[in-house]
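Handing you this structure, nothing more for now.
Chain IDs A, B, C and D follow the sequence of writing; residue 1 opens each chain.
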Amino acid sequence: MSLFTRILFVLLGLFITLNWGLIMSGIIRKIIARLSMRRGIKVVQPYINLIKNFSIRSQLTHGVMFYLGPVFRLSGGVGVFLFMPMIYGSIYWTNFSFTGDLILISYFLFFGMLGMALGAGEGGHPYSAIGIGRGLAQFTAIEVPMTLAIISIAIQYNSLSITEIVAAQQGGIMNWTMVTNPFATIAAMLAFLGMMGHSPFNVVMAPQENPIGPPTEYHGTFLGVLQTNRAILHVVEAVLFMNLFFGGATNWGILILKTFLIYFYTVFVGMVFPRFRVDQSIPWFFKIPLVFGILAIVLLII
Amino acid sequence: MVNPIYIVAVLLGTAFLLGLFRKKGTGIIALVALAFPVFVSASWFFHFLSGNTEVLNFFTAGAKPPFSINLQLGIEEALFTMVINVLGFLGYTYLYRDFKEQGIKSTVLFLILIMGLNVLIMSRDIFNLFVFLEIVSIAIAGLIYLKRGADTAIAGFKYLIALGVISTFLLIGIAFFYLFSGTLNIDDFLNSNLPAVKGMSMAVFLILMAILLELKPFPANGWALDVYQAAHPGISAMISSGTATASIFLLYKLLPLSSIDWLPYISIIGAITFIGSNLLGIAQKDSNRLLGYSSVGQIGLMLIIIGMAPQLGEHFNLIFLTVFISHFLAKAGLFWISGIIKKDNIRQWSVLRKNKLLLFMFGFFLLTLLGFPPFPSFYGKWQLIMELAHGSQFIWLALILAGSFFEGMYLIRWFGFAMKEKDESEEKLTIHWEKMIPPVIFTVFVMGASYFANNSSDYGHTLNLIPIYFVIALFLLDFLPAFVKNSLVIASMIIYSILLYPDISDDTLRLVFAGIFMIGGVLTLFAGYSVKGKREGFFPFVVMMYAGLIGLIEAENLFQFFFAWEIMTLGSYFLILRGKKSIKHAFNYMLFSLGGAYLIFIGFALSYFGQDSLDLSIISATTLPGWTYTLLAIGFLTKTAAIGLHIWLPGAHAEAESDVSPMVSGILLKAGAFGLILLFLLMGAEQSEQHSLLYILGWLGAITAVGGNLLAVFQEDAKRLLAYSSVGNLGYILFALAFMTNVGWLTAITYSINHFLFKTLLFLAIGGVVMRVKTHNMYEMGGLIKKMPWSFIAVLIGIITLAGIPPLAGYGGKWLFYNAVLTKGWYFQGALIFFSGTIAFLYAFKLIYSVFLGQPKDKFRNVKEAPIWYLIPQFILMIGIMVFSARPDLILKPIGTMLSQSNYFPTDPLNWEDVTATTNLGYWSGYKIMIVIGVMFVVLLGWLMIMSRKAQKIKQFNIVYAGERPFTPGTTHFSHNMFSNYYKAIGFLSWPVATGFWNGVNLFTHNVADNIRRIYSGNGQTYIVHIMIYTIVIYLLMF
Amino acid sequence: MNELINHLKERFPIYDVVESTTGPTFVSLDAAKLIPMITSLKTNHGFKILVILSTVDWIEDGKFQLTYIINNPDEKTDLGIRIFIDRENASMESIHKLWVFAATFQREIKEMYGIDFPGSPGVDDQFLLEGWDEMPPMRRDFDTKKYSEDTFFPRPGRETNDPAEYMKQKLYPDE
Amino acid sequence: MSDKKDIHEDKFLAPENRKHVVIGPDGEEIHVDPLNDYFCTDMPKVEKPYKGVMEKFLNWARAESLWVLAFGTGCGSIELPPLFSPRFDAYRFGVAMRPTPRQSGVLIISGYLAVKTLKRAIRSYEQMQNPKYVIALGSCTINGGMYWDSYNTINRLDHYLPVDVYIAGCMPRPEAVLAGFMKLKERIKKGDAEGANEYVEKLDWYKANQKKIIKDWNMPDYNW
């Protein structure tokens, strides 16, 4: 496949991902509304919000890094997409996954975080820094079960390549990591809760106490960029977990179904549990998810 | 040749004749009289040295013994009389002014003293020895009174009492000796082959005991310490260097009398003295008394050596002479300096800084005492330890090094005070020129002795001394402006690198580290251009440090390695000591380095056990693998600051000067890593049997990584934060090395390179900032991005690399790490490592946010960008990071090839497909990742720029603040105690356990020293009791 | 309570004692005697709490009335002390040394009535009003309606009706 | 501006806002003028809307996505939370609360405005981005309501901020607020709701009115 075709397919895939991300968040919001007996937003409300934000006429900037923050953030999201093989068995939807593997993706997630942190820092708002401090602190704890789970999978499949991990899970639900390595799945899915930043792990943005955390100063186009990234990243992160634990996807339909369920799971948990403080959430991650992560490795070794 | 009897005659004659003269001219006459023996003994010494071996025996009064006294002058006697006479001459020069005030009496006593010492060395008649011992004692007692004062009088009196007791022993011993042997002549006795009589051994015991007591063995030496403390330093110098020399020689001379093997007992006495008095020195604050302890300690060491003579064999001469001459020159020099500055408390020695020459000599003598290379005692100690190990005397070896360590403790602390303690005294240092001459001459002698020691040492000739000569040259050129010297150093380093390249170009591993040391050295030196003025005492030590580093690379045998290691330690110590508040930290650094170096020393010695060469390869053939490797590993770990041994690092790195911090943190730490690499290779690399050691080191590395990073998170001081981060990163390297797999080692080397690149970069950038804002506290800074955009970019690149975020080089390290962890199977340690990697985000963010982002402070409204000389190396390093990120294969491929082809690590290598690295687990293409991310980033940036091109620029307080306005920048900048909730969650992991432990050890040592010190009650009677008990105990031990 | 009043009467020139079964007992006092009496009440009689310090503007008499209500938490009794001070250059001794937070009451009174409490911490700082440079607004000679009309752009067309009249007219126009 | 009185002579200027001197790291004196150094002193510009279909489309999007600044000024603020309860569910109209003015488009003045609160309301309004809308809730904002003769409560909001929609009542119930939102949407879609530009065009007048009653501004004229 020529580079040009590949880029074309990458852009197309990005477009699909973005749209699915927006629609997915719309649907989820709708479901939540119905759960609380409301009509709720329109399903296309995320689109409208996005257009609205891009149509804001005036812009403010605190400095160069304020500009670069959203760029880093979106690069992080898009980059994770670029390095992620979306559809198993398709030569068109594997993006640039030949440049790196699972480790690349799990570390590239930080790229966006760092950019956001710096951009928000340049904004000069103390709440931004407080939010980032909390977010990073929580992330260190999240990373522990996540790492253990990744190590566990890598031992199980003797590979760090996502494509190979997905390939090993083909052939029915009994081959999914979810079944073959349940403890790693549990550990990682608990970590996933923290990664997605829904309640109970949303103290980073906690609107009632810390206006909105890092993006306090962001508005208009900048906010639009951040929202775009959010839409893409939610899908891609769900795809990552789908690939690692739930057998991957062989076509877009399955991808959409699985990512939806994975994403819905975090929202579902978020609806049920109240918010943790950072000094509560970190010890929590060092308890149950850590135990599952260790179990996942110990069981594989023996 | 002049008959040495004239020495006695001239000195005695002058002493008598002096009375005829009035005051005028007596000094000159005495000086001339003292010069005469120097001439005589020196001429004899060179006479013997030039190949004449015939020993000169001559007799007083022209008759044979026992009717006359026979004197002997061989090469030994010639040497010892020569040094004593030189000391006498210089000592008199030093005391010239004091004697002039005192009148003739003192001069007479001094002449008598020198005469007595000469005879003590030459005489072969026991009774004669006794007589002259008495003469010497009385002369000294008289001279002690030179300095008037109550304590002088008391000390002199105690001295007389103690010597009275000792003389009694001696006299009784001699009486019995004569009773049993019928002769008083040593030679006669030795030739007569008398049958061993029981009482004879008692007689000899008493004689030797008296001589030993004269040597002030611990703990029966309270009287001597009081003398050192109270007497005029010029006299103390004579006692410490002169009488001790004579007594040692006396002991050496009389030992053959005994039919019992005294040597083990002498060693034991020496060891107790050496360790005991050095231990007590730790708690000592009075400089003269401290020197006294040190003197006694050194004599103990010499006793050990004499006692060990049979084991040392042919090396005895070198070992004994180097140790002796070091002590002799340095101690006299230090006492003289003490007399010049007239300060008792070691803290007040900071006045030394008023005179550069004095300070230099002070440091010179201290280092001579400490046995640092290239000073003579280094060669002696090396040979001693090696021979002891060869003869499997491991306990002795440990004892000697323990004693040396204690000695190091107080000497270094003293030196720190002199260098850095606040100098409160206002008065000018009055220096008489004639007082400066003797120490200067002795300094020159030390240099000469070093040269001879180097030449006569077995391995000295293999050393590459060019860098050392360069250091000396820089000392001489210290008057030049800083930029000239800086250019000189840079040029020489570049030239040296070019010269060095062909030698190591086939060893990729060495090449990498040489690259880190030399390129890093040149880059960090660039920053030095921003310093105005002369910057005295900086460049010699920089060169010394780099000479040591490069010496490590070049080392082919253990000796060269250890030599380079010590040189490096010394240079870096001086560099660290230059910082403003670094007195305590430099002390800690030196202490840990010294301890570590001694462990390495023992490790080397152990591997020498049972082998004949000193080649590096003997480590792999060691017969005591467990001990050797463990000791060596711990030794190297003190340099890499593994957790538990890390407490010296943060302070030392943080408080050093702005351009020294990157040297010691980015570059110097790699010396430890290099040491470990060398050790692990010699342990047999992949075939190593040391699984448990490696396993422990692996855990240690992981815990170090977590600990270092976690501690970094809670720092408020930017440089301390970076320093703790270094601890963590060296933990990674240790962990990866302990894998002992191909990929593991590649990881370690990648990390070494990365850490060098980003830590040097960060320290330079932060150093530049600190230079401008004049504070280390991050919460005091803020918003500096607008003032220092270039520094900001440097820090940004640095922390992206540090955090291991793709596409920069740090990510390569992480990827390799995962592969290595998975291949090795150390999963949980690996998880700890990755956990610590995420912790790195916390401090990386804190660093860049608190310093560069957030609210600019009023104070720093006008600060300028860091000096261009700081920025240039930063940009070179950034380019380095970029290149290494995009094309890691350029460096990693050759190393990988070397590792897998050299039989070290043949299995599971990293495969390279063009620019993509693959293992059987995954793949990584730095080049492609860079391109993908770069293109995407630029596209998105362009898009956003177009979208928000009209954006209004606003200022720091234009933030949403609930309709209010922020109060002040200081209260709006969120930085201090940024991660308080993190501390709440897992802060207990960062409690200072290690610091507490080492403080406890320190306190314990001091308490022990303090408690033992109480036996010195200051009471003369107590001292006598000590002497008696001591003698009885020795007697009981021997019979 | 009577006991206390009698006790006080012996020592301080209180007058105008108004006793109540439901609320606090009020006594009046010379301004000069306030500090000794209130100190005595606090230290000797257990009135540990200052409930409120309030002001009444008796413009007709040319007096300000300051009311200190104090509370004895052990016996659950309240005592109100009224004092009267001149309206011109009104000034009163501060009691912030007895109760630190009294400074806040005094600061408010300074702002709203212009009564000075020399020595009270922060008494001149603005309290509720930001940037107020008119007459203290709670004084009865301050015409708040006129001020409002002058300052706040009153919307024209506002009518004022007597509610009773208006309701009658609207609801029962026939009667 | 109408009166160019130097703000530094203002007796109400807070101490931390006065010019002062600090000592820099090299011992040099640095003169700090907080008002100019800490704040952007530029004036806002009129942001011209697009023409034709494009603007219509954008206006539709703006109307369907109304982000309200969570800022309650008076008793009316208690009427707002029910809007998002299942009973009234304002979300279905694209209305949402945002905690920061930067991201909000609608400022609801919910009830009486004391002078002190007005100052914060104006600052918050100025920190919102163009286009932005103001809904005035309750009679107090229209003519002062029951506080019409108070010395401390404003009578007519439209003298200080450009109001798009008034909702009468004391207090208006949530249904009325929803009706107000509908009205606002209509205005936006028609392109009438250009309050932000109006405010900029008549900035002098607005500022004069604001400064008449707000005497301790403690900031440059426009709060970015």
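Basically, a residue touches a chain if its C-beta (ideal position, glycine included) is under 8 Å from a C-beta of that chain, and two chains touch if they have at least 3 such contacts.
Bear in mind the structure is a predicted one, so any value in this text is a computation, not a measurement.
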{"item": "Set of chains whose contacts include both chain C and chain B", "value": "D"}
{"item": "Of A-D and A-B, pair with higher C-beta contact tally", "value": "A-B"}
{"item": "Gap in Å, rounded to a whole number, between the CA centres of chain B and chain A", "value": "54"}
{"item": "Cα-centroid distance, chain A relative to chain C, in whole angstrom", "value": "61"}
{"item": "Centroid spacing, where centroids are CA-atom means, of chain A and chain D in whole angstrom", "value": "36"}
{"item": "Chain B-chain D separation of Cα centroids, rounded to whole Å", "value": "70"}
{"item": "Overlap residues in chain A, where contacts from two or more other chains coincide", "value": "58-60, 211, 216-217, 220"}
{"item": "Multi-chain contact residues (two or more partners), chain B", "value": "952-954, 956-958, 960"}
{"item": "Interchain pairs in contact, sorted by label", "value": "A-B, A-D, B-D, C-D"}
{"item": "Chain D residues within the chain C interface of the complex", "value": "11-12, 115-116, 119, 142-144, 148-156, 159, 209, 212-216"}
{"item": "Contacting residues of chain C [partner chain D, same complex]", "value": "126, 128-134, 137, 142, 144-145, 147-149, 151-155, 158"}
{"item": "Chain A - residues contacting chain B, complex", "value": "54, 58-65, 67-68, 70-72, 74-75, 78-79, 82-83, 96, 98-104, 107-108, 110-111, 113-114, 117-118, 121-126, 129-130, 132-134, 136-137, 139-141, 143-144, 147-148, 150-151, 154-155, 158-161, 211, 216-217, 220-222, 225, 277-279, 282-283, 286, 293-294, 297, 301"}
{"item": "Chain D residues within the chain A interface of the complex", "value": "44, 47, 49, 57-58, 61-62, 64-65, 67, 86, 89, 91-92, 94, 98-100, 102-103, 105, 129-131, 224"}
{"item": "Touch list for chain B against partner chain A, complex", "value": "783, 785-786, 789, 796, 799-800, 803-806, 811, 814-815, 818-819, 821-822, 825, 827-828, 830-831, 834-835, 837-839, 841-842, 844-846, 848-849, 853-855, 916, 920-925, 928-929, 932-933, 936-937, 940-941, 944-945, 947-948, 950-954, 956-961, 972-975, 978-979, 981-982, 984-986"}
